[in-house]
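Look for subunit A in each of the two complexes below; its partner is subunit B in the first and subunit C in the second.
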Partner chain A sequence: MAVATAPDRKGIGGSIRRIEDARLLSGRSTFIADIGRPGIWEVAFLRSPVAHANLVHLEKPAGAEDRVFFLADLGAILPIRADSQAPGFRRSDYPAIADGKVRFVGEPIAICLGRTRGEAEDLAQAVLVDYDELPAVADIAQSRNPDLPPIHPGWSENVFLESRVDVGDVDAARAAAALSLTRRYRMNRQAIVSLEGRGVVTYRDERTGELVVYSSTQFPHVIRTALAECLGMKERELRVVAPEVGGSFGVKNNLNPEELALAALTRRTGKALRWVEDRREHLIASAHAREHRYEVTVHADGEGRVLGLEATIEVDAGAYSVWPWTAPMEAGMAIGFLPGPYAITSYRATALTCASNKSPLGPYRGVGRPGACFAIERTMDEIAAALGLDPVEVRLRNYVRPDQFPWKSAGGKTYDIGDYGASARAARDMIRPERVAALRQEHAGSDWRIGIGYATYLEQTAHGTAEWVQRGLPVVFGYEQAEIHMTADGMLVMDVPIQNHGQGLETTLAQVAHDELGIDPAQVVVRHGDTSLAPYGMGTFASRSMVMSGGAVGRACEALAAKIRKIGAHLLQVTEENVRLKDGEVVAAGGASVPLAEIAMAAYLHPERLPDTVEPGLSVIASYRTARDTGAWSYGTHAVLVAVDTGTGLVEILDYAIAHDCGTIVNPMIVDGQMMGGLAQGIGTALYEEMPYSEDGQPLASTFMDYLVPGAPEVPRARIEHLSIPSPITRYGIKGMGEGGAIPPPAAICNAVNDALRPLGAAIDETPLTPDRIIRALMAPQAGEAGA
Partner chain B sequence: MTGFEIVEPESLEEAFRLLDPEDPAVRPIGGGTALMLMMKAQIYKPERLVSLRRLDGRFSGIDIAADGSGFRIGAMTTFSMLEHSPAIRRHLPVIAQTMKTLANVRVRNVASVGGNLAHADPHLDLPPVWVALGARAVVVGPRGERTIPVEAIFEGYYETSLANDELIAELEVPVRAGWDALYVKVTTRAAHDWPALGLAVSAELEGRRIRDLRLVLSAAVDKPTRLAAAEAVLRGAEIGPATLRAAGEAAVAETEIESDSRGSAAYKQHLLRVHLGRAIEALAAKRV
Partner chain C sequence: MQPIELIVNGERLSAAVDPRTTLADFLREAADARSVHLGCEHGVCGACTIVVDGRIARSCIALAVALDGAEIWTLEGLGADPVIAQLRASFHECHGLQCGYCTPGMLVTAREILRRHPAPSEAVVREALAGNICRCTGYAGIVAAVLHAAENLAEGEIPPL
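Let's turn to the complex of A and B:
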């Protein structure tokens, strides 16, 4: 069912090479660290070495008073306030730099300036700080401990929010069930780890009167709005530019205190400043991700059909609510997504968003869903194992069927369209479970055990207005704009407020333009990430840009095409109905043609050649929203074959298969790349990445020597099949797909490892599945009994 | 990073004058790969670094004795030179094998044999291998020269028996006919991780009987450590599951292994048992 793509296709569906790669691969582009200004100062932040303390006394080093700045030195500045509208939400104000108290290791306390970063760091070490230490809240289990101090003033317990869902009749389900199972799952905290860390350059542009903020961010317009609010400035006094951004995955999708601090200091002093995050800062002080715990009880009939689902979900959101997502986002996503692709109608769950003295939790590829997918997909396998059924068969009995769409889920979402069973069958066909018996035979008598695992995921993408309103965020991201211009020599320049940080959007948006205008993608320039270039827009996150910006570009191009056809028809002396756009020309039915360059020349330099009804110029600004607000739902099934060394606990991935549906595919090669990148991160969550904290709130992985990301040897080349059912609610039928690859790997790999260990009576339900944990699982008492 | 000077003496006498037995802010520098990391992390703040780059003579070169009985390796020999030396590949293949998973080309091009030993980080791969091979280090200082077994360099975590103004000048490595060696780098997470334990084995086998052997554990302990009790179990014994299990238990009993991010103590003890057995089996398999 793979998409048929003609090799020479340049528009939607063509695997054309990425336009942006030449500059990236040859190292010619400009990242934050490449941006200088005359007289620029390098910034080092003095960061808290303790998890929880009142700052009793701060003192600048003698002689360096003009190069060290505390909060009081920054002028009028509001803290970052990310309030959820959910009733019962507890507020946390996040100051640009510490306001008398520090709440996690790594929180900025002072800005220190030097001519070199080294000089600034030395200065930071010379600042005197007197900490009055408080007990730290370092674990979810402590959030309701009355003996620990509140992290924020006025809090009665260290919990941001508790929310509940209760639909259908869970008690009836329990009574009717042939099987009720309870399982506990943990997905531990991790860092996000973009190749390029965060970074900010600020300076004053005296000519325009703007405070210019270069930031390695995913959403410059939104950052401008937020900065204006916190600084009490007009938006027109601020320009925010995201230069080349070296990966982000969500970690650059928050308003950072560092952005606010540098902007405020430049406003106050006029100094040009540059802060380039180092890896230690990135690991300890950038937003973290995951840290979910679940207790799931499922009620099923004798055939494995789920009758009801109960869950308690706990998430450690860290010390502050991040803007604009708010602290309860993770738990909110988890509770909404736990029913997954299954037609579950009775569902009762509680989601607790705990606060702790750890770095705040922010969005990371998959947001909430990797945890929810882990919990529900592990549970489906447990049902299968308990009833002696095939795990794919159990899933097929429970999926929402193709004739049930649109499906209103027990988690409060509306699924638009899909064939989940088709993805599971396709993944199963690729992984070929029938070979497992032979493999087990082959390794009999050795320490190696073979296992196979599946996981199906849903990826809500391009969420519309209603979804964001429902989530109660401070900003509603329901649309996107694009502004396009044809130049006087017939090239197309598209200014979009999204940000391309590795997704290939400069290429895929040009492919959309090709379909609308017949223009060669090589003749299209996509500019992004600059509030001075593009109209207002929301940026790149939540797998939205291809749908939303693609839609806006499509609408703008469609309007421009109409104008071009009018001019072309006039120049060719035929009626408008008789011309079409093809290969960079307007072509008449009879074959006569006029190139775009000639049309652009007429539109700009020879208005005398234009028909009376057409205005000069070839510019269009358009905005786009999806036909319905539910989001476009991608989904898929991952299947993995593993070998577990029961001597050492090491897991080796022998084969990996993905069958997924992301609707119409704009560029299959780029989609494959996104899948592989997501998979690499999913494997990181499953097997390697963990950000542990000590009991007193010290992060224990602050370099790459301790924080392990998978490298090339750990990531197999997956086989990928595209199913491609177009979305009914988006232009072109596109569904977003940037996150999907990262969602199910922890679930699929953990299912496979458990499949391998089950004959030994061992079970493991915590990520990362380190060899140490696997050996412990093998040595647990129940494992010994079953193995004996 | 505060300023410091780097000097490049051309003679040993000059080097000793520039070094300072009392001042920890003065240190020799070989390839600089370890020192630079500590300086960037502000763990080490030097005032003067004394480069050994221009001290040729005994500090450089890889020479094999005329009778083939051993090597002399200058302390400033880089890992790449070792890795690509045909003589080393032929007579000490375990060195080339170890290089395959040691750091990366850029580090191997500059990291030096002497700096690697003097750094005394127990996670490093080569030190246990040198110990297993029975290598000796020639240490020179203003008060004279001494030759010590490599294991005698290490006193603990990042601690050595070298005085501040003493330098490792060269290594003497015997080539023993009939002996074979193997190094096992046990990473428990990604391949580029530091090892949870390193295990170097050299042995003289006769079929499946072990005539003699040296077993060295690193990474899981605070310095490369001979496993004398485990050696005693295996010396003269026939390789079999029971003997290997007994050797593993002896190894666990004679070492003090601590927990860290690469695994709990119990887990690393478990790994030691498993990998000791597998290493001996692998060595035996190589022989046939």
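Let's turn to the complex of A and C:
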């Protein structure tokens, strides 16, 4: 991975090694399962074994009445209500524990307590439940079947929302087109799979009067707000803490019924409780992701320029609208992002968010965009194939040009800056398509078919007020805060409400502080994940933290630096204009200097040394939002070379190249790590990961033996090139980049597989590209005819 | 409850256990071995990998009662091991971890890879890591770290634990 950076740089741009590594390498840091209390009870949830049923009778095991709890035992508690502001949205109330009805396999029915998890599970097995089963809606097609019962009361059909876009003149595009193509694509349902599952610990702190909720979550402050509302409590009566979080990727970015259930039960009983999700629970009952279907019709001229785009998008959002994202978020993102990096001005589409008796859909790295990217990037390749053009050339003819920014897309988004063509050319240069002919020659006569595929993606990041208002969510994530102080011995402590779950933010925020204060990152402590430590903030998701929290930390440090300079100049007996901060000292023009520790000592312990105009203490709280709040847009092109075994249907990735732009890079090593991690998950979506359901709504993958996560042999080391055009709307020019790696791999890999199979007349447009699906594509009638 | 006695990280440990208690749960509760992370509890993800009588094993699919008399090492007990020390340095240098949840299992497994293959190829490392799932890194940093450790370890055979 070519990383151009000065090796000795500690601030923005330096690949310094991570501050958080030592405690994680010790194995001794504190994840949710490591948090205990004297007398703590282990929690097991009795979860529904059926997809759709009325609960006609519930009975606690004799003698265990004080260890089994139904909804009615939890006291006053509101259901989780994630309402979209979009007109026509159908509401779903998501209770902490089933309220007389279950709507998906895995939905909690009872909370059971034991001294061990085993005892609690025994109890769950002994609860008597009479299910009056109802027909299950287990498929998108069934959600519009009027013969099936409504999943929620008062619904006329099992659809959360239907939304439409119609801009430009699609009919004129159709009339003018030399080529009109219609294609159907499917990206199937996935689990999200953080390696550490979710988990919650609750207890009462009698000293502070707080109900303490430890949760493996991405956004503790927002969870506190939501819990307070559902429980009818004051925010000050709740403390929410995210301990070390073992991966999230979106699955820990929802208000979960389990969080609400444990908090309510501790409030009611005073008992300390611990629930640690196991893998089966995670796979069937944690939020799922994807499950998109597309019918795309594209109209193009004879040179492959897109004149108009039409689409019908269907998403199966499962049984409930998750808070705060709302059920239509996924389809809404898909319809907004389908035009992608292309200068498409005529666009007509419908997005349908269906409800079903499956686990609710929540955000997962990329949210909506992997599906939209899959659909548009497959379509670009189809245009190229139909016209006999090079797929990169077709893209180059259609990209929004660098001189067209800011670009208002047909999907209603505002792209800030970029050179999409540069990323495509760079990726093509890295993958070297000229070697494909020789590879094909080499494998001629064998079962192996060689293909090459490209996909360009956009990653809207750090979007603020305007975007979240447009999406109609219950919370508008428009800003971020940071509170910083210098200790009396000169270290910097930064309390931030974002959450670090592997992104290395303790290191990168310290790098920002280094640039502003000249302080060594090793002298900076970042504390996060605790509502009692940090001011209010939104948490870590949507590739926002480096931009938003970096901006807040930068502003806070800038203000602190001004005060430090003032004190330093006074101590050095020079004017303020003649000092600067460097290497942990305030340095005067003549070379005299005073260390930060001495300034801190004056500020806290020796106010007699301070100038009259300076108040004692060294602390600042600052807030930050981007200059324009429609997002900083990262983008890039992935290029992949594959071999497909037409005998077994296996796909092997021979080479993978990424050229991307995430603006100013704070730490190239960490950026490469994020990119590789996203790629691995994208490969999972493309080739392995699927959460299928039976016709009666039973999830068919509940272990890692049937839900396949990529391992070290399946994920090649990609070559990564950074283009780095700074964003004009963010402090330091940073763009977020946590999700981009996961967005285009399904499209790029599927394009490569189709390139390999095209000479055989076979086509495949559904992820994951399992051996079974590839073999079936090869056996389809048209493949047989073309191959004969 | 059944009495067992085993040696955990060099110390003798006697306890009465419920026969269904997994070794992982036992070590976490009775020996404060919180480095034993549970990612699947069915023997696939490798996060709970420890050393039992000189061989690496998944503690989530072993029962504590079946290990009566065994000698066990978890990452907690390996602070003085030079191979683990090098691996920790290499994981730090090569960005071989993000959230840190798979990391203890990766370190214990990596030590065993280096014991069996003093100068492994990248392909060998990847194959040998196939039983350890990492959801964050895409494995690039982990594979690089194991190769980096192999290059930087002092010559000589690595003993089993």
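One rule holds for everything that comes next: the second predicted complex is superposed on the first by the 784 of 788 C-alpha atoms of A that agree within 3 Å, B and C clash if a C-alpha of one lies under 4 Å from a C-alpha of the other, contacts with A are read in each partner's own complex, and residues count from 1 in each chain.
The criterion applied here is as follows: a residue touches a chain if its C-beta (ideal position, glycine included) is under 8 Å from a C-beta of that chain, and two chains touch if they have at least 3 such contacts.
Nothing here was measured: the structure is a model prediction, and the numbers come from that model.
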First (subunit B), second (subunit C), both or neither touched by A:P771: first
Which of subunit B and subunit C A:A701 touches, first, second, both or neither: first
First, second, both or neither for A:G711, with subunit B first and subunit C second: both
Touched partner set for A:S29, first subunit B, second subunit C, both or neither: second
Of subunit B and subunit C, the chain that contacts the larger number of subunit A residues: C
Touched partner set for A:M676, first subunit B, second subunit C, both or neither: second
Subunit B versus subunit C as contact partner of A:R17, first or second or both or neither: second
First (subunit B), second (subunit C), both or neither touched by A:T648: first
Subunit B versus subunit C as contact partner of A:G118, first or second or both or neither: both
Overlap of subunit C and subunit B interfaces on subunit A (superposed complexes): 116, 118, 705, 709, 711, 713
Subunit C residues within the subunit A interface of the complex: 18, 20-21, 25, 28, 34-35, 37-42, 44-45, 47, 74-76, 88, 91-93, 95, 97-104, 107, 125-127, 129-143
Contact footprint of subunit C on subunit A as seen in their complex: 1, 17-18, 20-31, 33-34, 116-118, 193-196, 244-247, 249, 276, 278-279, 501-504, 669-670, 672-673, 675-681, 703-705, 709, 711-713, 715, 717-718, 741
Complex contact set, residues of subunit A against subunit B: 116, 118-119, 121-122, 125, 447, 647-650, 687-688, 692, 700-701, 705-706, 708-711, 713-714, 770-772, 775-776
Parts of subunit B lying in touch with subunit A, wherever the complex brings them together: 1-2, 42, 186, 188-194, 261, 263-264, 266-267, 270-271, 274-275, 278
